[in-house]
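For clarity, chains are labelled A, B and C in written order, and residue numbers in each chain start from 1.
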Amino acid sequence: MKKGRLGYLFIAPATFHLVVFAIFPMLFSVYLSFFKWNLLTSERSFNGLANYAYAFRDPQFWNAMWNSTKYALLSVPLGMIVGLLVAILVNQKLRGITLFRTLFYIPAISSGVALSILWIYIYMPETGLINSVLGLLHINNKTDFLKNESLAMFALVFMSIWVGLGPRMVLFLSGLIGIPPSLYEAAELDGAGKLRSFWNVTLPMLIPTTFFVLITSTIGALQIFTPVYIMTQGGPNEKTDVVGYHIYVEAWSKFLIGIASAKSFVLLAVIVIISIIQFRVLKNQLEGYSTT
Amino acid sequence: MRSTTAVVIGLCLCVSGCKSPQARPEVVLHLSNWGGADDDAEYSRHINDLYRQFERENPGIKVEIESVPNEYVQKMILSFVADTAPDVLSLDASSAAVFVNNGVVKDLRSFVETDPGFKTSDYWPNVFSIDRRDQAIYAIPGDFTPLVIYYNKKLFDRAHVPYPSGHWTFQQFLDTAKKLTLRDKDGKVIQYGFNLTNWMPGWIVWLWNNGGDVLTPSGQAAAGALDSDKNVESITFLRDLITKDKVAPDLSQTAATGVDPFGNGTVAMEMSGHWEMPGFKNAPNLHLSDVGVTEVPTQLPQSRTVMYEVGFAMPKNAKHPAESWKLIKYLTSHLYQSSYQQTGIAVCARKDVAIERAKDPREQKFLDIVPSARGPWGANVVGYDFVEQEGKKMMERVLAGTDPRESLHEMADRIDGYFKVK
Amino acid sequence: MKKALSYAALTALGLFLVAPFVWMLLVSLQPNKAPIPTLDHLVPKHPAWSNYHLVLFEQPNLPVLRFFLNSVIVTFSIVLGQLFVSSLAAYGFARMNFKGRNYIFFIFLGSLMFSGPVTQLPVYLLVRSLGWLDTYAALIVPGVSSAFSVFLLRQAFSAVPNELDEAARMDGAGDFRIYSRIIMPLSGAALATSAAFCFFATWTDFFWPLLSTSSSNMRTLEVGLSVFKNSYGNTNWPLEMTATVLVMIPLLVAFLFSQRYFTKGIMIGSIK
């Protein structure tokens, strides 16, 4: 392919859109973070670094950052492990397996609002689905999962695994299908058992897939909003007040536009740093196995 | 592919301009309120007939209703920010300050003064004054309600407890609630004395009746008011209703049933506003004739309560001020109100309608309570909704076991922190 | 034996994933205003189909059909827009060479990080200053291109053998011709996948339509029915679930039709 200018024409519409609706807003958000403004008045007053100072001193902001970290640390690895296990389960030549694959995907295409309302119901004490089943087994069925300070976060994580199962399964499945059978045959010749060839062949070959799932899941987890908005509003006692929801409240409920912008920018910085670290670590792994 | 391109471009062009393609009459007035999805179809039809009547009386004006049941205040603020504010909006006293103090709603004085068909003396003065600032009038009140204690006579009879009559102290209330809480022989509660909801606009009244308050008199700070000993006492009292005295069901227990326990006939008393009445009418295990109304218990010589009012306002830069005023006048007229209030949603802000309705002794009881009611903080303090959100969290913490004093201190800190930057 | 175990595991998992939906349907058929049923009363003796009539047609302030129409208009415009804009860019990145190509592509990928809460506020202000709030433009234009679909399509376009366009070039075809006559027709499955992704993401988008529209005539189904709560008092679960089922039906129907491309598609998205 020779270098030319025509390529710019092809990417122009998408690039224009990207600049207008992603890059410019981000820069504008940085600009706003230096002002005090409540959206209703027309003038905004310059506030220097005061919004950042406020953000760094605000315990509720750090509580939210911590909650998001906790959510990501729980939901991402658990979701990935479950996704991989299910992918292995459905990577078998069984009659009707496509039906199951399709079935497992349904939660992922469902409406986030509908699912959140549904899961409020599932988590209800006594009458909720989980507690009803516990009641049938004569186990304590009075737990109010979403109102319990130590359980609410786990309730959200559990739901996220349920919702995200389908896509992760399909991703890992495609990774599994892509592994050349010759590798397994070679491992077998070397006398490796099932578990060993899983460890030595399957996992290393899945690293590119894992990388993709890890980065997208982490970004997704750090930005979780709808379930919190519908199910817990950050409660009980701010135990599920994740940073996406916290910033939403600052901006759209308290109308502290400057402070919300400063906090968004801090969040963005954190996401970028995490992505770079993940990228570095996995890239090294990737290169290590690139010979296979 | 070319045809697809054309379709995309065509769509973009069409999309950026037009909103709704229907033919328009001369003036369309958009009216916003927070009526939600109604499961009461009859009620909805009734209200719609009233709007159609306005259209018949004022040819050339069409009324379109925008219902915003969730986060009404936020949506209204955003509509002002977006310059898509409705022509007439319901202004709730509990959040009026955001609109009035930021100067986005119109002073209606010039209409009030020049319109011979409008008399301010038609309205209860302390209701009319809620949306006033000095001489300015930012909304015409439609209806209002003080918060009261509802009681279920049937459950009182079952427990052989006399009905409450006027002034009562916290202790008398607690004793009553204890007697009303009945258990079966296995110790399972079959009837609770009271239903406590973690809803700050409601439970703030308990603080007032113990001589405390949430903000200092200027409304500028929480520290010095919220963390007072009196409030610690009141919050402890409320907590104990559930955790120690066990005269009120646990909040999650209530949520589990999915129905209002008072309406369901399992709780003998609850504190709420007039808006419960339509629900009581339709409640499966409650007869409206069994519902009694009395004042909130108090440690003071006279009981105090809060008054939630709804008025009608228009944006400062109203597009059709004259027509909007006609609609506001209609919505607060005897004709509309006497019909609208048959739904039983509130007490009419017009004296004539309210007095007609007070032939019902229950309605009279509401009127008796009115003089002791004051407007909510949110009518004057911008950002008071934040205070109420923090109040809810504070109560959550207390019910989960945090010390009330510590919890109130934390709440005061947060409020003052927010007031400094808002 | 192993087969039986696998089926047992699959069935258990299937139940776990589908039971809540069945439950949702059963609760929606409980009589209006009924309390939450216990498990043994979950199957209603007289299914209250009237709930559906009530939600669809008896809500003067809740134009459900209008919500549906809005969702259709918005979703289809965005899907078409994305297919066009993103495929053009994907072609540029996959099959053409120009200065800074890789850097620009990297920025596209990086932009996936600043979505959600980070840019919502400035995008809102931008759309406001354009005077688009509460119009279809606000709902559609910010969505007509997505870095994700550019990425997805680039992967697919790269996989088309180079010999094909070289042959076309010999015949004097230009890039736009190669794009429209060779690459696009050969990438049907990838385009369908990208469309399917876009369809579900847009149809179920909640935050942006919630923020950018204020009148009920402009709400999408997702936002419109999320407000299916009485402002006072307790949730009416049967009607709430009815609304939820109504939101789900178009999604399930669409999924049934697109499921083939869908499950295939994520594979294209993954790095091979």
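Just so it is clear, a contact is a pair of C-beta atoms (placed from the backbone, for glycine too) under 8 Å apart; a residue touches a chain by one contact, two chains touch by 3 or more.
Please read these numbers as outputs of a predicted model, since none were measured by experiment.
Asks: Counting C-beta pairs in contact, does A-C beat B-C or the other way around?
Replies: A-C
Asks: Compare the CA centroid of chain C with every other chain's and tell me the farthest one.
Replies: For chain C, the chain whose C-alpha mean is farthest off is B.
Asks: Hey, how far is the Cα centre of chain A from the one of chain B, in Å?
Replies: Result: the chain centres lie 38 Å from each other.
Asks: Taking each chain's centre as the mean position of its Cα atoms, how many Å separate chain A from chain C?
Replies: Each chain reduced to its C-alpha mean, chain A and chain C end up 17 Å apart.
Asks: What is the distance in Å between the mean C-alpha positions of chain B and chain C?
Replies: 37
Asks: Spell out, as numbers or ranges, the residues of chain C touching 2 or more other chains.
Replies: Answer for chain C, listing residues that touch two or more other chains: 35-36, 141, 144, 211, 226, 237.
Asks: Got the chain B residues that touch at least 2 other chains?
Replies: 78, 81, 256-258
Asks: Spell out, as numbers or ranges, the residues of chain A touching 2 or more other chains.
Replies: As it turns out, chain A has residues touching two or more other chains at 124, 127, 252.
Asks: Would you mind writing out the residues of chain C in touch with chain B in their complex?
Replies: 32-33, 35-36, 54-55, 58-62, 77, 80-81, 83-84, 128, 131-137, 140-141, 144, 180, 184, 211, 214-218, 226-237, 239, 243
Asks: Of all residues in chain B, which touch chain C in the complex?
Replies: 1-2, 4-5, 7-8, 11-12, 15-16, 18-20, 30, 34-39, 41, 44-45, 48, 65-70, 72, 75, 78-79, 81-84, 256-260, 264, 275-276, 279, 282, 284
Asks: Show which residues of chain C lie in contact with chain A when the two form their complex.
Replies: Within the complex, chain C touches chain A at residues 3, 6-7, 9-10, 13-14, 16-21, 23-24, 27, 35-39, 85-86, 88-89, 91-93, 95-99, 101, 104, 107-108, 110-123, 125-126, 141-142, 144-145, 147, 150, 175, 179, 200, 203-204, 206-207, 211, 222-223, 225-226, 237, 240-241, 244, 247-248, 251-252, 254-255, 259, 262-263, 266-267, 269-272.
Asks: Can you tell me which positions in chain B touch chain A when the two form their complex?
Replies: 74, 77-78, 80-81, 98, 102, 104, 251-253, 255-258, 383, 385-386, 389, 393, 396-397, 400, 414, 417-418, 421-422
Asks: Sort out for me which residues of chain A touch chain C in the complex.
Replies: 1-11, 13-15, 17-18, 20-26, 28-29, 32, 86, 89-90, 92, 94, 97, 100-107, 109-114, 117-119, 121-122, 124, 127, 129, 132-133, 135-136, 162, 165, 167, 170-171, 173-175, 177-178, 208-209, 211-212, 216, 219, 223, 225-226, 230, 243-244, 247-248, 251-252, 257, 260-261, 264-265, 267-268, 271-272, 275
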